[in-house]
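Both of the next two complexes hold chain A, though its partner changes from chain B to chain C.
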Partner chain A sequence: MNQARQLAQFMRQWHLIDANQQDVYKLGTKVAKYLSGNWKPIWHPSTDCGDHVVVINCQDIAMEGFDWKHRQFHFNKEYPKSKVNIPAYQIHMYDPCRIVYLAVYKCLGKSNIRRSHIARLHLLPDAEVPSFLMKNVGNQLEQVQEVVKRSTEYTDEERRNFPRLVKFPEDHVVDWEAPIDNPGRHKLYNPYERKSKIQQTPTK
Partner chain B sequence: MPAVYRVDRLKQLYTAAKSLNYGWRFEGVPTQPLNNGVTRYIPQLHRVTFYFCKQNENSVGMRNFIANRLIQYGSTHPSVVFYVQPIRNRSPQIVAEYGNGNTLKMYPTNKNMQDVERDVNLLLQRSGEDIVKLVSCQTSKCPSIQGQWTPMTWQSTRMNVAELPDKEFSRHKSSKMSATEYVLQQARQKQENTPE
Partner chain C sequence: MMLARCLPSGWSAIRGIATSSSAMKWKIKEAEEGDTTVVEMEKIEEPARPKNAFCTLCTCNLPIKVKYSDVLILEQFMRPDGTVLPRQLTGLCRNKQLQIERCVMQAHWSGLFPDKTIADFDRSGYKQFNRYWKDDMSMYRISEKIEQGSWYYVKRYDTKNRPWNKLMKNPLNWDPLHTHLYKKHKRKPKNITDK
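This part shows the complex of A and B:
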């Protein structure tokens, strides 16, 4: 029995966490703790006791304040004109899992061992988990934030029964009740395109 | 950013187990050289040499010991050879040689006679084996009832039967009340307090 327990101490556990409406850096801190095995009482810098973590619903991740627009991720490939700052929302549009990857990678610290820790992170854009991953999962982690109910999820009856704090005038215009589609005025910022234009101007 | 995928290595697990603190393991056990004393006892101290200076102040305790006590020690320990070596301008030294080949040295510089006598007694009582600590790193009056920790020790047993992912397990538990809950609670209280 003791032998079995000691072998179980060093097993790689598979955790699952739902990233729906979770702050990406709060979630990253928690996921990094499990990836490095820091939560275990047997943890030691030389003990390789990190776990696997499966993060589902990465596309529904949340960021604080105006971070989707103003959080810039810096990439540098050490080639001429390859330094770019890309805002978070553009990275998220390109790959819904990449923001979580970057946040967890940052939260893992600066030591070289994070390379092997991040390899045990499995990111999924939606709630569908492939069966070959799901059969390993033995534990579900608690979320880091409460999931709020979206305005579109309230029924009409619930809206009517909700206590009125303010009485609006008759001609009050409600801005929006549901998120609106992009009207199309905004053009995406493309760092590479802009740089090439700057280079072209002196030749003209 | 590509991450290098690696196969889990057994060596890492082995080194991990090595670094664990085995609290129940002593650092040594009391031993005698060659099971001395099991059938008959052979005194292990064979030779003691006293180095000292006849004039120097720091050998005064050693000189007093040699003058007053050494004859007595020689008669009570017939198996031990005592040598006395006066060397000019030398700090005092006691060299004890044991049956297992160990040599122990003590330096009673500026000590009085009583302290020198205590050092000699210590050398006479030792077996010549190295000193090991006989304390365990951790002690416990009652051993663990629940057994060793495993990753599943504090895990909810409801997860064994539930089908993951389940929203119940991922729900964030907090003692803080949200603004929506607060408004609803106030409205409910007001409704209960108002007489119909």
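This part shows the complex of A and C:
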């Protein structure tokens, strides 16, 4: 088994990774490592030992916090008025694979061989993998982040077995837990507001 | 007349509940008998918090810090409409209450409570995509990151970037205004690459 694994390192291996709810740049560093063959002990910049990586569910990748809006890609054609910063979410809306491509391209480092490495990257927007790709795949890579479950994905049994943290006081009435109407935004008292209204009214 | 008769009885009822030592929860029960409405308090069997209890989150020795992804913990502190119960009811200390409120807000932003949101929760633009949070103060550490864009791109396979696909996939994005988008293109697109 070990020998087979050792021999497989001299071939082009095919890895599959699920990008669902994974951070783009954490995923990109992992994918870049496999694309360049950097994980192999035989690796050397002059050795062409990179693998193929198939990334599925590209449209479900995640970013931290408000990064979809705040991470901007700078495009400059070096013509007048051609500099533009495009936020990541606009690129992702246009093409769900482009952000992953840009992230992997960045994580491959600034070298001339990265274009030959990224040529072995296969990006698929959802979980449908065409059969001519699937027949090559021999390994599934571990995800870089946990996949968060929604509240609707938990079963009733899991919910029942979960310890109860909230203990209400003795005189608690269940109806107090009912949703209340939206009280609206709190407005600070402005003593000058009235005054200005009076001033606005014509006195003549 | 009515007020004078109601007040003392009401006060005694409240005092009665406050001094009761039995561990119970109560529920308001309304019943109509003819033209009069009878309001009663009904007991529900559930162990209550003792009077001298401290904040539950500090005393229960949780091995982890509560995060936005701990959905089963957060929904215990929530109302069915997705808002957080006040501190008088949850019995948390001030810091933990604020932490829970921040986590619930993050969970809403990540779309983890699709059954406990308001109908007009904003999910347009960048808010429609998956996002995660490093910790509960993550949303206050904001900075703009400028990346070097590149036109070098090899589009090998059909990326299927059709708006109606995205709308169908995430039920939070379903909107009657957009139905024309996925009604028009009912036919399944042919997979050209798969021969």
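Here is the rule we go by: the second predicted complex is superposed on the first by the 142 of 204 C-alpha atoms of A that agree within 3 Å, B and C clash if a C-alpha of one lies under 4 Å from a C-alpha of the other, contacts with A are read in each partner's own complex, and residues count from 1 in each chain.
As a convention for this text, contacts are C-beta pairs under 8 Å (C-beta built on N, C-alpha and C of every residue); 3 or more make two chains touch, one makes a residue touch a chain.
As the structure is a computational prediction, the values presented were derived from the model and not from experiment.
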Practice problem: Considering only touches as defined above, state whether A:K40 meets chain B (first), chain C (second), both or neither. | Solution: first
Quiz prompt | Greater chain A contact set [chain C / chain B] | solution = C
Quiz prompt | Touched partner set for A:L165, first chain B, second chain C, both or neither | solution = both
Exercise. Classify the contacts of A:Y105 with the two partner chains as first (chain B alone), second (chain C alone), both, or neither.
Key: both
Quiz item: Does the superposition put A:R115 against chain B (first), chain C (second), both, or neither?
Solution: both
Practice problem: Name the contact category of A:D23: first (chain B only), second (chain C only), both, or neither. | Solution: second
Practice problem: Identify the partner contact of A:G65: answer first if only chain B is touched, second if only chain C is, both if each is, neither if none is. | Solution: second
Quiz item: For A:E142, is the partner it touches chain B (first), chain C (second), both, or none of the two (neither)?
Solution: first
Quiz item: Both chain B and chain C touch chain A; at which residues?
Solution: 101, 105, 115, 118-119, 145-146, 148, 162, 165
Practice problem: Spell out the residues on chain A that touch chain B in their complex, using ranges where they run on. | Solution: 1-2, 5-6, 8-13, 16-18, 40-42, 44, 46-49, 51, 56, 101, 105, 115-116, 118-119, 127, 129, 134, 137-148, 162-163, 165
Quiz prompt | Contact set on chain A toward chain C in their complex | solution = 20-21, 23, 58-75, 85-89, 92-98, 101-102, 105-106, 115, 118-119, 122-126, 128, 130-132, 145-146, 148-152, 154, 158-159, 162, 164-180
Practice problem: Within their complex, state which residues of chain C touch chain A. | Solution: 17-18, 20-21, 23-28, 41, 44, 46-49, 51, 53, 56-57, 60, 68-69, 71-73, 75-77, 79-81, 83, 85, 89-91, 110-116, 125-127, 129-134, 138-139, 141-157, 159-161, 166, 191, 193-195
Self-check item: In the complex, chain B residues that touch chain A
Solution: 1, 3-6, 8-9, 12-13, 15-17, 19-20, 147-152, 155, 159, 164-167, 169-174, 178, 180, 183-184, 186-187
